[in-house]
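Quick heads-up: structures coming right below.
Presented sequentially are two complexes of subunit A, the first with subunit B as partner and the second with subunit C.
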Partner chain A sequence: MTETSSLRIEGLSVGYSVKGQMQRILDNVSIEIGRGEAYGLVGESGCGKSTTAFAALRYLPRNGQVESGRILIDGHDVYALDTAQLQDLRRRSVAMVYQDPGRALNPSIRTGRQLAEVFELLGEQRADWQRRSVEMLERVRIRDPLSVMARFPHQLSGGMQQRVCIAMALASNPSLLILDEPTTGLDATVEAEVLDLIRQLRHDLKTSILFISHNLAVVAQMCDRVGVLYAGQLVEEGSTAELFRAPRHPYTAELLRCLPDRNRSKADAPLSTIPGFLPLPGSITQGCIFAERCRLADPLCRAVIPEAKWSGDGMSRCHHEDRIGELRATGTGLPSASREPGLGEPVLELHQVSKTFGQSAHHIRAVSEVDLTLREGETLGLVGESGSGKTTLAHAILGLTRPDPESTILLDGKTLGARLADRSLDQVKAMQIVFQNPDSALNRSHTVRRMIGRTISRLLNLSPEERTRRIEDLTRAVRLTPRHLSARPRQLSGGLKQRVAIARAFAGEPRVVICDEPTSALDVSVQAAILNLLVELQSSERVSYIFISHDLGVVRYISDRIAVLYLGRLLEVGPAKAVFEGPHHPYTEALLSSVPSIEDRPAHRVRLSGEIPSATGPMTGCIFHSRCPRKIGAICETQEPPRLQLGPDHVIDCHLPQDRLGRN
Partner chain B sequence: MTATAAPEQDRTTQKSAPRSLASRLVRRPSFVIGAAITLFWIGCAIFGAALVPYDPFETDVMNTLMPPSAAHWFGTDDLGRDIFSRVIVGARDILTVAPLATLLSTALGTALGLAMGYFGGVFDEVMSRLVDAILALPTVVVALLALTALGASTTTVLFVIGFTYVPIIGRTVRAAVLSERGLDYVSAAELRRENPLYTMFVEILPNVMPAILVEATVRLGYAIFTVATLSFIGFGIQPPSPDWGLSIASSYGLIGGGYWWTVLFDGLAIATLVIGVNLVADSVQGALND
Partner chain C sequence: MKRLLLSVATLWLLSVLIFAGARMLPGNVGRAMLGPFADARAVEQLNHELGTDRPLLEQYATWIGGFVTGDLGESYAYRAPVAPFLWTALLNSAKLALVAFLMVVPLGLLGGTIAALYRDRAADRILSALGLAATIVPEFVSGIILILIFGVWLRWFPISATAPEGAGLLTQVYHLILPAIPLVLVLFGYIARMARAGMIEALDADYTRTAVLKGLSYPRVIWRHVLRNALLPTISVIATQTVYLIGGLVVIEILFQYQGIGSLIYTAANKKDFPMLQAGILSIGILFTATTLIADLLYALLDPRIRHGGDE
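For the complex of A and B:
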């Protein structure tokens, strides 16, 4: 029997039993992945991506149940196998790589032993385990396998951990590799490395890949074909190039429009959003599942379930496929951020701000001699990889950590105390923060009303009536309804929680709001709504933002100026447009080229080799010299780079002469 | 106006509130059994004296050491007292001392743990070492020492057990507080200048309550056992109370003579109560982890 597809899912429906009721999570999903093909499954959280993967491995949680449909891996019906056969299938034919490598590896067992376990399970001779482990690690381009094997997972960087996971997955030469958000927790430069690796491996090994991701750009780069999952249904499928160039389902089209990219800024137009929410499983019984949120929907869509329509290689479930073009033509109907040109007065000034952690012998300089100015009504984007000191700098500004003694932070020209306790009430309330993770930022025992109300009463001196009115105003400003006020965080979706966090940050009428990756935990359509909200609040409240993010598309969209941080030092500061277009610092160049994008396939990329060095001990010369792809020579290692003034407001610390700096 | 301002916001995916702890508990058979046993003994402690067939203190020299019979269900002891009545009324003292001691240690331990976890630094270091040192000593030995010094009485037993459990509860609460301390809502509280007491008791405490509840029920089981042990060796509840540990202490010499009923029923009483409380503790822990 010859089987042409390595994974075939036919009419799969999966339900979870919740409180005694079956809720349908996947509805009649059919996917076929040919040999050696890479198939991308995209969709927002809760759409059933991971359920598909677990169902394929027959690995659903205990309350999950396949209600109908078949899954064939290499022609074997997964649900018809007995236990021994199933184990054999999982051992040899399929492998899975999970989102968080730190949690996929056992923290208390050395990597070498964990790798050996795989070969033990495969029934190989004990004598071969070591040799085979080394081979596997070499295959995933780990340069020093033996030292990696001698280490515990926490002693490896995130990118390295994910390589080890991939090595383990590939050990059995599986015919199908399932990757569930393999780069989601990783930095852009590390993500680029891991994606390069997967691409190379695919080329070498001819493994079929099911690539699950919420990141459209990553999928666009990695996959031959793409399926778009919405509320448990496959709404569109097609070849990558076709689907992203000319989507045939409104949901795909809208998703693509939500993405901020490097060519858009808030001055051009607000981001488009998808109104409404993902329907609850099983709540839509007639008509198209997307109808309620679709701008093309008409009575037909609400009454009749659209059939899958095939044309060539692509499939779409939409009654009005021919009208998708209208979506692009209609603007969002929203005014773009009204911004008067010219710059306001400086609000916040940082002079030589440093922060050193650790005691006597072991110093880690998380932030080093940072000079920055933030003007009224301005957004300053702060970018850098994880560990570059972004959050530490934010905490030092807020007074949550005490900066080193020589640091000076000025608010409206007045020196701020190092700790919150040393600052006046006016100074404390002038600066607030929107944290990255709303689950951590909101107290799960308190209601929304209490969280916002308490902040108002601590920071503003208002009468009870004025306080109630302010709560209502804030609620409205962040697009929550009064109904949400009595809810606790666990009753709200991620986007709503972040709105509560934003309302709280604005409660005390701040002048400066630090946004620490406020959208990194959110889906793209929700992200777009939150970014629009921030832009809108900025123009109505005249606040200044320090916007921390590793997503350069987002930073480009929202920022007026951008500061690039590496190992706690500023390498480049300048207007957003200038930083993106260049000439820019070699590090900025590398960061920019590591961002996957939907439009261009990777042509020439600047790759950073090696890992971020640790900031212990003094480092001579340019801080970036150990990874710089454009290092000139010894001068980079010995002399601190000069500050080049490229424009009125654009500075770069680099030894390269101005005309040799990279451009986009 | 952003596009999201549309009325769709009104039909938020507001999730229903999760089932309450109580309703999750009653679905567990082990909780139902444990709670039934515990409530039975609590009922005996409160109403027992009014319901028993005999006065538990009344001696009857004509009927000493009678085996179980229709008149005396559990038999009589060496002074002719009705053992059934004594076992029922014997729940009173132990179920007064042990829960009060647990309450005391939970209150103090929570305050200690909150302070250690919240302030951290030198204070936490010093207190942690102190806690470790105290925990290295066996509870009964510490209690014996204290009771010898202070004189044995029901009140001293209450306070001694109460204080000896403070460190262990403090340590549990501290661990729970530490993981909360790192969350951003604590920073958010600092950024609106809350005082430490507010942050500890209003922001953090509700979120560590589950851990405290579990620890308190577990400690109650231990406290019952410790009270019984101390009474047995004569340092706990004092005669003439019909306390179980005390009764066993005065009768265990009789087992050799075949008078098993003088010890068995008191022993069963202690065992069932401890098992009942522990079943409840396990279920609470399990239900919270659901």
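For the complex of A and C:
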């Protein structure tokens, strides 16, 4: 029998038993992936993406169960195999790579041994294991395979770990590779490298790919066809180009509109959001699952389940496919941020701020001689790879870590104490932070009222009535309803929790709020709502933001100015538009071109090679010279680059003459 | 290095506390030794000879000075150097601890592992319940019951833990089995629970998933990928329990008439034999510090993340 598809899922329904009740997570999902094809599965968290993957590998959690449907890999019905056959299938035909490679590798076994295990399982001679492992690692472009094999996983960087995982997955040359968020959590430049690698390997090996991601842009770049999963149902499917250009389901259309991209800024229009929440599994038994949140919904949608409609190789489940265009035409109804940025007085000034972490002979300069000004009502985006010093700089500003002695930080023209304890209550009040993960930032046993109230009592001297009023005002300001006040964190979704964290940051009427990756743990539709909220609060409260994020689309959208940090040094500072359009620093250029985007597939890409060097030891010349794709010559290694003034507010540290700097 | 200094500081603090604590016991050393009917002059004379009438600070200095140079002082009660008594007692305690240890560690790890592999099923429930039940029974209760059943009634085991003079290894072990069982009962639940928790964490870990999806058979997944990571935390817990096994056995030692460190301290406290008491308690302190240190080193040896922590 010749089987034409690597993976065929037929009418798959999966349920989880929760407290004795079956909840349906996947409902009648059918997917077919042809030989050599890359299929992207997208959707927000909780829609059943990973469940689909694990069901295909017959590795559901203990409480999960396939209720109906069939899954065939290479023509073998996965659920009809006995244990030995299933093991053989996993050894030879299918492999999986998932998020967080640091945890996917066994911490107490050397990587070489873990890789060799695959060859052992394939029944190869022991003598060949090493040679084959080296081959595989070279294939995933690891330059020094033997030394990587001798190390333990924790001694490798995230990008290297993921390469090892990919090498391990591809070692058996499987016909199907499942990638579940393989680059989530990696730096933009590392992500770009890993994606390049996957694309290359796919080309070489003719492996079929099931690519699961919440990142629409990544899927757009990697896949031939895309399926959109919503609340356990496949609502739309089609070729990548078609689906992103002309979505045929309202959910896809709305999802695409939530994305901030590099061409939009907060001054243009607020981001659109999807109102409401993902329905609980099994809660919608009548009509279309998306009807509740759909702007096109009518009584028909609520009564009758839409059938899958095919046209060409595209499928959509919507009664009003012909009306999708209306979604694009209607605005969001929200006013855009109407103000002139960058005109206010300086609020925060940094002069020569450095932070050296010392361990006897070891010195690590996490932040080095940073000069920055933040004006009233302005948003300064801070970008750079992990380890570039973004968080350390934020902590120094907040007084959570003591900067080196020669550093000066001024708030409203007055010098700030190095530590929180050296600052006055007013100064402490003036600067607040919103963290990436609201789960760890909020006390799990307190109600929302208590958390916000406590911050108010700490920072403001108010009578009980005033305090109650302030709590209510803040709640309203972050678009929470009074009934949320008595809720505890576990009763709130990620987006709602982040609103509580924002309310708390605004409790003391701050002048500066540092947002440290505030939306990177959230789904795109929720992210859009949080970004809109931050913009609104800024225009009503005249607050200034320092916005740290690795998502350049988000940074572009929200920032007035952008500062680019590399190994603790500022390489470029300028207005957001200018930084994005160029001329820009070679590093900025590389960062920007590493970001996947839905619309364009740029032919020319700047790729950084090598790992980010460590900040120990003296580095002469330009800090970026070891990875710079536009290095001129010896001058870059020996002399510190001059500061080029490109515009009234736009500076770049580089040896290149201005007319040779890259543009977008 | 830092750890070592910290350990030394801890021990010094302990020595001060022990010294102060011992002196706070009510009564007078000379009186305690000579009895209630002795002449007051003789009591005074004895106190002077022993140095117990000198200022406390001076007494402490003499004691600790001797201790660090290896001179543990002379027992008041036996009028003989403390050291030989202490060594014998420690050795005896170590023997008992070792027997208990060799029984409880494999049992505990096995029990915990089985419980984890059959999570939420009958085997798990039974093991967990048994472990918990055994832990809450105090040693003196289980000890007495054991003596009655196996020593008096069935006569399978001797009721005294002390083997006859010059007995061979096997006889000694034979005598120690019955007193070791109450300790096994107390520790089994604890070790099994730790092992179970460690196993479950490792079974749910991503790397275990990786191993399964590679196509490894289940026994090999457990053997190669799970066990080692699972039992790491357990090992360090076990190591801290060795001190309990050596130093915390007053009841067992008295019940089974065994000359261990527990009964040595107990007798010394009764007789106000300060040098013996202090040396006994401080030696347990040293043991405690040493075992925690060893536990940490062992952990580091088995976990490459800690071993190589510094050179990243």
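Here, the second predicted complex is superposed on the first by the 660 of 664 C-alpha atoms of A that agree within 3 Å, B and C clash if a C-alpha of one lies under 4 Å from a C-alpha of the other, contacts with A are read in each partner's own complex, and residues count from 1 in each chain.
By our rule, a residue touches a chain if its C-beta (ideal position, glycine included) is under 8 Å from a C-beta of that chain, and two chains touch if they have at least 3 such contacts.
All of these numbers come straight from a predicted model, not from anything done at the bench.
Considered on the superposed subunit A, subunit B and subunit C are sterically incompatible, since they clash. By the touch criterion stated above, A:Tyr98 is placed in contact with subunit C alone, subunit B being left untouched.
Of the two partner chains, neither subunit B nor subunit C is touched by A:Ala578. Contacts of A:Leu243 after superposition on the shared chain: neither subunit B nor subunit C is touched.
In the superposition on chain A, A:Pro107 makes contact with subunit C only, while subunit B stays out of contact range. Of the two partner chains placed around the shared chain by superposition, neither subunit B nor subunit C is touched by A:Ile409.
Touching more residues of subunit A than its counterpart among subunit B and subunit C is B. When the two complexes are overlaid on their common chain A, residue A:Leu278 makes contact with subunit B while staying clear of subunit C.
Only one of the stretches 55-63, 199-207 or 271-279 in subunit B has C-alpha atoms clashing with subunit C after the fit on chain A, and that stretch is 271-279.
No residue of subunit A contacts both subunit B in one complex and subunit C in the other.
Against subunit A, in their complex, subunit B makes its touches with residues 1-6, 8-19, 183-185, 187-188, 190-194, 203, 206-207.
Within the complex formed with subunit A, the subunit C residues making contact are 205-207, 209-217, 224-225, 228-229, 232, 302-305, 308, 312. Residues 19, 270, 272-273, 275-278, 280, 292-293, 332-334, 395, 398, 400, 420, 425, 428-429, 431-433, 435-437, 440-446, 454-455, 458-459, 479-481, 483-484, 487-488, 490-493, 496, 504, 508, 529, 532-533, 536 of subunit A touch subunit B in their complex.
By the touch rule above, subunit A contacts subunit C in their complex via residues 57, 59, 83, 87-92, 95-96, 98, 100, 103-109, 117-118, 121, 152, 154-155, 165, 168.
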